[in-house]
Amino acid sequence: MSSYLVENSYGKSAVRLTKVTRYADRHELKELSVSIQLQGDFAGSYTDGDNSKVIATDTIKNTVYALGAQHPVNNIESFAKNIGAHFLGRHKQVSAVSIDISQDRWERIVTDGKPHRHAFVGGGSEKRITSVECMRGELTIGSGIADLMVLKTTDSEFHGFVRDEYTTLPDVTDRIFATSIVANWLYKTEDADFDKVYARVRQLLLDVFAEHHSLAVQQTLFKMGDSILQACSEIEEIRIEMPNEHRILYDVSRFGLPNNNEIFIPTSEPFGLISATVSRATASKPVIAPAGLSSKP
Amino acid sequence: MSSYLVENSYGKSAVRLTKVTRYADRHELKELSVSIQLQGDFAGSYTDGDNSKVIATDTIKNTVYALGAQHPVNNIESFAKNIGAHFLGRHKQVSAVSIDISQDRWERIVTDGKPHRHAFVGGGSEKRITSVECMRGELTIGSGIADLMVLKTTDSEFHGFVRDEYTTLPDVTDRIFATSIVANWLYKTEDADFDKVYARVRQLLLDVFAEHHSLAVQQTLFKMGDSILQACSEIEEIRIEMPNEHRILYDVSRFGLPNNNEIFIPTSEPFGLISATVSRATASKPVIAPAGLSSKP
Amino acid sequence: MSSYLVENSYGKSAVRLTKVTRYADRHELKELSVSIQLQGDFAGSYTDGDNSKVIATDTIKNTVYALGAQHPVNNIESFAKNIGAHFLGRHKQVSAVSIDISQDRWERIVTDGKPHRHAFVGGGSEKRITSVECMRGELTIGSGIADLMVLKTTDSEFHGFVRDEYTTLPDVTDRIFATSIVANWLYKTEDADFDKVYARVRQLLLDVFAEHHSLAVQQTLFKMGDSILQACSEIEEIRIEMPNEHRILYDVSRFGLPNNNEIFIPTSEPFGLISATVSRATASKPVIAPAGLSSKP
Amino acid sequence: MSSYLVENSYGKSAVRLTKVTRYADRHELKELSVSIQLQGDFAGSYTDGDNSKVIATDTIKNTVYALGAQHPVNNIESFAKNIGAHFLGRHKQVSAVSIDISQDRWERIVTDGKPHRHAFVGGGSEKRITSVECMRGELTIGSGIADLMVLKTTDSEFHGFVRDEYTTLPDVTDRIFATSIVANWLYKTEDADFDKVYARVRQLLLDVFAEHHSLAVQQTLFKMGDSILQACSEIEEIRIEMPNEHRILYDVSRFGLPNNNEIFIPTSEPFGLISATVSRATASKPVIAPAGLSSKP
């Protein structure tokens, strides 16, 4: 009796690329981190140390830069598709390519009231992301926003939940709601206007967060997903994760001071973690695997 | 036409717990970070802000501490099972509980040549982990080791790989091999000797890493998985991930000095990422979903 | 012969505070991390475990929240002064209080083209900081900006430097200039318009970075300091640190492609680190200790 | 009236180096991160963009690797001295060189009960560090240990402290004491047995931590410094910083369970921060500047 190689993949992660496009009137800047995984006929490398079909991860890295020089990199989705098509087209032992790209947010410096033509200021932790899966005859394009930090100081309630022997949380009708949104959506087609959809989803996440009177993080999350599906016909399905980054009311009444709902302790841990996938009603089965309770060992 | 809630889950992450057990001759120390996700009849919270079936994440946090006080916490697997059983048993609207626990490595301080009875020194980035999935009538127990950093200065080759137009890496017959192993295995049963298996797997990972003459990271990885399955009959399947944390030879010949394979640049990015799942030959299909090319959007 | 306690201090670090001020037309949000160090007659705690003069660090933490409830916290400088005055006034064994505050950047969410009254979006890694030193009869107020990430794609040269046996860098007349500015300035007085000065310094850092044609990071840094001193009469002296966060030109000519100064590798390490203190010409001696070559062991 | 350059320095930070020394019976491994700052006649670069005296930071980086190839790198102190001597000897415009080196902790993998000849396992967050200041005719050597994480489950009290209007902490006679020690010591001479002293200091820190019955973090800290000065005649002075990384007793009595001093919440923030410099009694004035209340702006 011997062991069996159930699945395998390999690739290069955190390939960082800066691309500057130098137009006459302005420079465009993209800073990306690219991760690529290949699947295919690579078992010999595992079982026998036979690398004759292995594309070195160093070559994968070089390919990102070489393709980056030849491709406009106007958006990460089309660049990811280009990378996937390259490996499938060039190496017949590759059966599937998974490309994940994360794009840093750089904004133009405003000087004299005008956006500068070639100087930029960092835009924080928020990332624009994409995950593209390329197989022969099959292409799946997902896009997303990661770590969009938001906080509202009111219009958030949480009450009426289960009370058991370990419940100590009081009902609250006015709490701070702070979270760091991660949203991932699946495109219906291969050729959407990715920039337009990204901008619309981002604004809808902010709008719903700001305007929705929240009875639960769950409710706000579903409202976000529903609003996005209503507004963006290009999207089949969206998964949203929202940590509840608690601001805990600090009790100053111990010091003879009034508790005016003004003084809080921001905490990093523990945090609530709420997630759901929202799809169009016509969808008969889930396309996106839930992250919770997945079959990870 | 309206939106559809495909899946949802929620819970509390990063619940940190220190448990001290005070024996007459020594104290035992466990420091854990616990994350719990619940699935069940919670759609009302998303669609209507109806929290009547929601167990607050604050209650989930309290439950970890309360159960921690009543359970020996002798190993993380049994504690995770205990947490899962509590939620399934106490709240009928819960259909599934996913528990992830990460345990810090603390070692006894050695004074006067002897391990101290109640003083400990930190054991680094390495973690012992478990992932337990509890459903009514179904229990899956996975355990693992995360971030086991190892490096060998020789006995590692890499050559004979594909050469294409973007390949610049030379064949090498003696390179540094550095990685940070993540291994996750599935138990066949609910009641293995978890501490014994963990210790055996950890030692085998180190032994194979040190002793195997490597022709590829892939080959060493498969050898680890195979050796572990041979030695541990309790394990059904194991998934191993190994980043290739490159040490790049620095060319001192530019300065008239000999390149003696002694001076390297350690790099954090980019890194290769190699993974595979190894199972017993009798397994007819994979139990562990591959992380690469998964259906995440 | 015995040992001697040369200096000592203690306090509480990373006291995180959220203060919400609820006006009729809008809410104001401040999120701070406060660190406090006390000096004074505390030697007995070190030498004899006599805590009779020790203000517990837990009390220091509580004091931050209690004072935060009573103080408007309209700017971090005045809040820091308030904290310092409290400890000096309340506890005669305290001879000096050092307060460091870091403020997160939150910006109002824009919905329907208007800034929202109570919803905010995270503003990234950039922090507004202050360091206030309070002694009886002496007060020093420093303020700063940390981690202001900026990048320009042109208008940066570096050439004419020393060539020795270990020099391989070519002269360049058009490189990317990326840095993460840390600026710390000393106020001449205790009662400047701290918000106005902060806003002016921040804009000047951005303006000089964007507009200055740089022959060296050093030159841009000095130009920043000089411009700030010219514009802000409230400032006595300013220290600026700028890491040179290299974007390394990736050579695609190896693949038969033209090097168009478009494809770069962003790197985190190693990085250049350039710093200087710029003062008014009338200053006869430095007030700010240089961070390089300081007498730290 | 114009601005004045009070001080300036520049250099390269985070130059990472792996050195492997290949003996017949074993390989030695050193992994270092080196930071270098130069002071000297560099004002022209700041004021005029004149780089004619500037040694490029890229050259500084190359120099680390070139010297690393020629020097045994048997300990970080001698390597730092070598780097300093190089820059002072080679470039007359350099007046001072500050070298900081941090060494990762790698331990030999034990297989078959024996330490392996060329395979290593990572030793955690703990670092061995040195700070060497080189000026013409003057040399200062400091060494240290950073981030030595320790925890004891008993033998730590804290009571008898000041009670004021913001004090809520109860007196405790048995608490967990957890910290991450940073110790920096100054050598009396240029040529101590650096490895021996390092090993002795490290063991003394662990011994005192484990064995001392603590009435205050301050007391344990002073006892460490005093013991080290007694044991190591090579050391002139030592500065120790110890964050108090609180483990907060979790009150399970709310759930009808006994509080047995067994269940705690480990916290990362806020943390106490205790520090002091301990010197030989003959020292008339402090050599090491206190970090608290320093003249940083």
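Per-chain residue numbering starts at 1, and chain names A, B, C and D are given in the order in which the chains are listed.
The working rule: a contact is a pair of C-beta atoms (placed from the backbone, for glycine too) under 8 Å apart; a residue touches a chain by one contact, two chains touch by 3 or more.
Keep in mind it's a predicted model, so treat the numbers as computed, not measured.
Using the contact threshold fixed earlier, the set of chains in contact with both subunit A and subunit B is C, D.
Remark: among chain pairs B-C and C-D, C-D carries the greater number of C-beta contacts. Averaging Cα atoms per chain gives one point for each, and the point farthest from that of subunit B is the centre of C. For the pair subunit B and subunit C, the distance between mean C-alpha positions equals 38 Å.
We define each chain's centre as the mean of its Cα atoms; on that basis subunit A and subunit C are separated by 30 Å. Put simply, the C-alpha centre of subunit C and that of subunit D have 23 angstrom between them.
Residue positions 16, 62, 66, 166, 168, 255, 268-269 of subunit D are each in touch with at least two other chains.
Taken as a graph of touching chains, this assembly is complete, with every chain in contact with every other. Residue ranges of subunit C in contact with subunit D, taken from their complex: 1-16, 33, 35, 37, 39, 42, 45-59, 61-63, 66, 90-91, 96, 98, 131, 133, 140, 142, 144, 158-162, 164, 166-169, 184-186, 214-219, 221-222, 225-226, 229-230, 237-239, 243-244, 268-283, 286-297. Interface of subunit C with subunit B (complex): residues 165-166, 168, 254-255, 268-269.
Note for the complex: subunit D touches subunit B at residues 16-22, 27, 29, 31, 62, 65-66, 68-70, 106, 109-111, 116, 118-126, 148-155, 176, 180, 206-207, 209-211, 247, 250, 252, 255, 257, 260-267.
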